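Shared chain: subunit A. Partners: subunit B in the first complex, subunit C in the second.
So, the complex of A and B:
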């Protein structure tokens, strides 16, 4: 299986260059056309925003689950895994029910008489970000949780007896020790976001596209295979760089822990 | 302590964020209204009836189900063999193989999809159900390997050695000693593989043969127009299937294991 896999990546380059003999026009187009630069920039920006928000949103629940003495902690963990079993497309489209013109928020606002007409909230960059966050947050929380769980619980009280405030104890002891999990979560969310195209198609407006959407357009709509291959390889290269940079800094082992 | 209360409230809010939209879909599935949104006009099973009569959806369900089952069986079989090789034996290039097996997790599905598609185009093989199956197996394998490997590391080698010294051949040892011990991980892995396949849309859109749909691509196609109430009902069915069955299986397993002890 992995042979096909490896092979398929090689073929990418080959075909992008091979179909019309050996030429670089696709790559030249990629490097010179502003449209593609814009898409790359947009994708990076979106991925960074989603990753940062997921880290901020996810750290506190992970901390809570790891530190709580709540008897039914397993339930909290189970609830974290549950969303993985709920269909991705259902979870994504469910936001139309929340934010759409016939959605819950507009329903409440109209019922309370605050607004007459539904407020348009859908199909913007924000809804795409919310959609991504909703789907990827459990990955982040699980990864952070795994590394927080591995920290000796006596460390924070020890820091406290040595004169730290609670916040200092957290910042100087717990936070640095949880960096591997946080990093793994960030990498995962970043890569997953940068590689998607379905969420912007469902929740975004015509202007909200990511690099993945260009690949989708090239192959599904325009049947421009060489360009699609070029774009795919460019995306792979871009994310590969991110992964390599990351593994230089942190190593990839932590990434596997969360799945086991 | 006040900080702790804040943390608690915040956590509760994040859980609401994760589950409120799902709850809304479950609720709207029973809405009697013509449209797939609020306000709720009454309780009815009408959309479930419509759903059963919708042949396209039934067909998509069948495709998805077959695909998921086959993916689970194949990915789990390959996953077990790969994990065995990686944990129990050493061979040249082991690190490379291990990296390659796990790599698809970090490769965006879009790229994976295009890669396989172009490879097959180069071989001049048209898109088919078989290609879809191969693709889903590739996507599912890393997860199966991770789950099975984690368990296999925990099974002590002595059991296998004892079995061998008592005269069992390697095959007998595997089927009568290793595999039973591995069973929980095998089930978990198979379940994982099934859900991954059943849920996949990103790569499936690229791989599906023209004219054939899986449930997610069918929903995706229906979304082009608007969120019809049928989609909500379909969502309900899918959530009950993909969440209910594993929960039930897990609960039963726990119940029986408690009974035994």
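So, the complex of A and C:
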């Protein structure tokens, strides 16, 4: 890490030619160029959208798995972990076969005669969001599930006998007691999204880049390692700040609990 | 306050019938215990009264109102759970005030009532603590305070003492009864512990496998069990096989291997005729042992030898062998306990024998 920090002060004089130095041109570029600010803003926005959607979409199955009286609960949890057996790049690519012009949805629509020409759905911000949700949702569900599983089953009935409707009992008891798991899931999904570059690369259009894509471009395409190092370190600092803010609010204990 | 009535209530879980055609009345202001082993349906009855389960058939009435279709939160009941079920993220005051909040009680009155409830359970001054900061016994009191502060029409207690250790349990037993007497709320108590049931209740309902076995005051169910199950479940009892040799208006004469022919005038005597096989219950602590033959006070007398001695400090439990039959006897220790293989005389008074149907 300190190597990355040192490298960020080097100077790139030509393609892949770096000179050891101590100068701030890379950092100055990051702070002054609006392009980078826009990328940071875009990344934060995307991470917040994905996190919020994942929280809502993840809570429902987590609640269902935790509360079900189905005897083979392990099977449901296994289904949740099953996607991890396939590389996430392949899972991401699979959306092309679903949403693409020759994909499943367009195929069905055309076969039914609802549309003549395929509907363009791929390579938009929406497909990137769908791709993220698909890959990160299990992390959210598992974290919320662990939290819900730890709640005493008698608490909701107790609230009910004291005068709560089912919804009030959920809001008074289950929701607040599952906040640690929900928070841990949100932190994970936020950080994972903010650090991604493959998903927008595969599923996004030319405008759907995240901060991670700039790092990728700087290092792989432009062979400008010092700038890449600067951007990497900046992202690290930003996400570090998010984690610090989170742990001030919630404590990090829940994170360990979710993984143990 | 209200009476609670079950009319032909049956609850089936799949093919299992947890409760079968129960007709039970819980009198207004009374302390009634549902007693039975686990799986006998006692908790299911409690959950049906509270609304957490709904009966498969039959009616449940609270006061004079049929409540089958009334949702839990509108039944105005106080329910105390075995594990207390206090809200861990709320302070004690918030826990107790929880029910009041949903009854739109004003802030100032709420504080007053929380304070009173804490005084009733003798735990004043813990308003700002969290449940985890209190001991098990204290949490138990808070759970009770939370249930009674809403002035419920019925107080339901689901094995509330079983999570406490022995000494605390006895202390809470006395306290719980005292609080119930003070506020006079109709109380339904579920337990598998016979001594809790005998010590606390006005009335005991003994249950087994979804059926009501016997209903009565603690003394009735203890002294005059109507079935073999009740006899065995409450205290230690000897159940002897016998045959009716004579019957009259006051009772029957029974012939038994150990005691010969002796009169029995208690229990289920209806329609017994000479020749009928019967079972006679004798409580273990009512059987008297002696080194010399018993006098005229004993209705039934026999002889046997001490097979085993189980010394328990306060009392001794003997196993007496007489022919094919083994008797269990609990005796207060007076002077020298009997020794193994010692020959003893066994005697039982007439009032301590009763007939049960098998």
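Operating definition for what follows: the second predicted complex is superposed on the first by the 240 of 260 C-alpha atoms of A that agree within 3 Å, B and C clash if a C-alpha of one lies under 4 Å from a C-alpha of the other, contacts with A are read in each partner's own complex, and residues count from 1 in each chain.
The rule is simple: a contact is a pair of C-beta atoms (placed from the backbone, for glycine too) under 8 Å apart; a residue touches a chain by one contact, two chains touch by 3 or more.
From a predicted model like this one, the values you see are computed outputs, not experimental measurements.
Residue contacts after overlaying the shared chain place A:177 against subunit C, while subunit B stays out of touching range.
By the touch criterion defined above, A:239 reaches subunit B but does not reach subunit C.
Judged by the touch definition given at the top, the superposed model places A:168 against subunit C, while subunit B stays out of reach. Of the two partner chains, subunit C is the only one touched by A:160; subunit B is not. Touched residues of subunit A, counted separately for subunit B and subunit C, are more numerous for B. In the superposition on chain A, A:227 makes contact with neither subunit B nor subunit C.
Touch criterion met: A:90 reaches subunit B, while subunit C stays clear of it.
Partner subunit B is touched in their complex by these residues of subunit A: 1-2, 4-9, 11-12, 14-15, 57-58, 60-61, 63-65, 79, 82-91, 93-98, 100-104, 106-107, 111, 134, 137-138, 141, 166, 191-192, 194-198, 201-202, 212, 215-216, 219-220, 225, 228-229, 232-233, 235-236, 239, 243, 255-256, 259-260.
Those residues of subunit A that touch subunit C in the complex are listed here as 152, 154-155, 157-165, 168, 172-173, 176-177.
For subunit C in complex with subunit A, the residues that touch the partner chain are 50-52, 71-73, 75, 77-79, 81, 83, 85-89, 98-99, 101-103, 146, 150. Contact residues on subunit B toward subunit A in their complex (touch as defined above): 3, 7-8, 10-11, 14-15, 17-22, 24-25, 28, 35-39, 78, 97, 100-112, 114-119, 121-122, 134, 137-138, 141, 143, 146-147, 149-150, 195, 198-199, 201-202, 205-206, 215-216, 219-220, 223, 227, 231, 235, 238-239, 242-243, 246.
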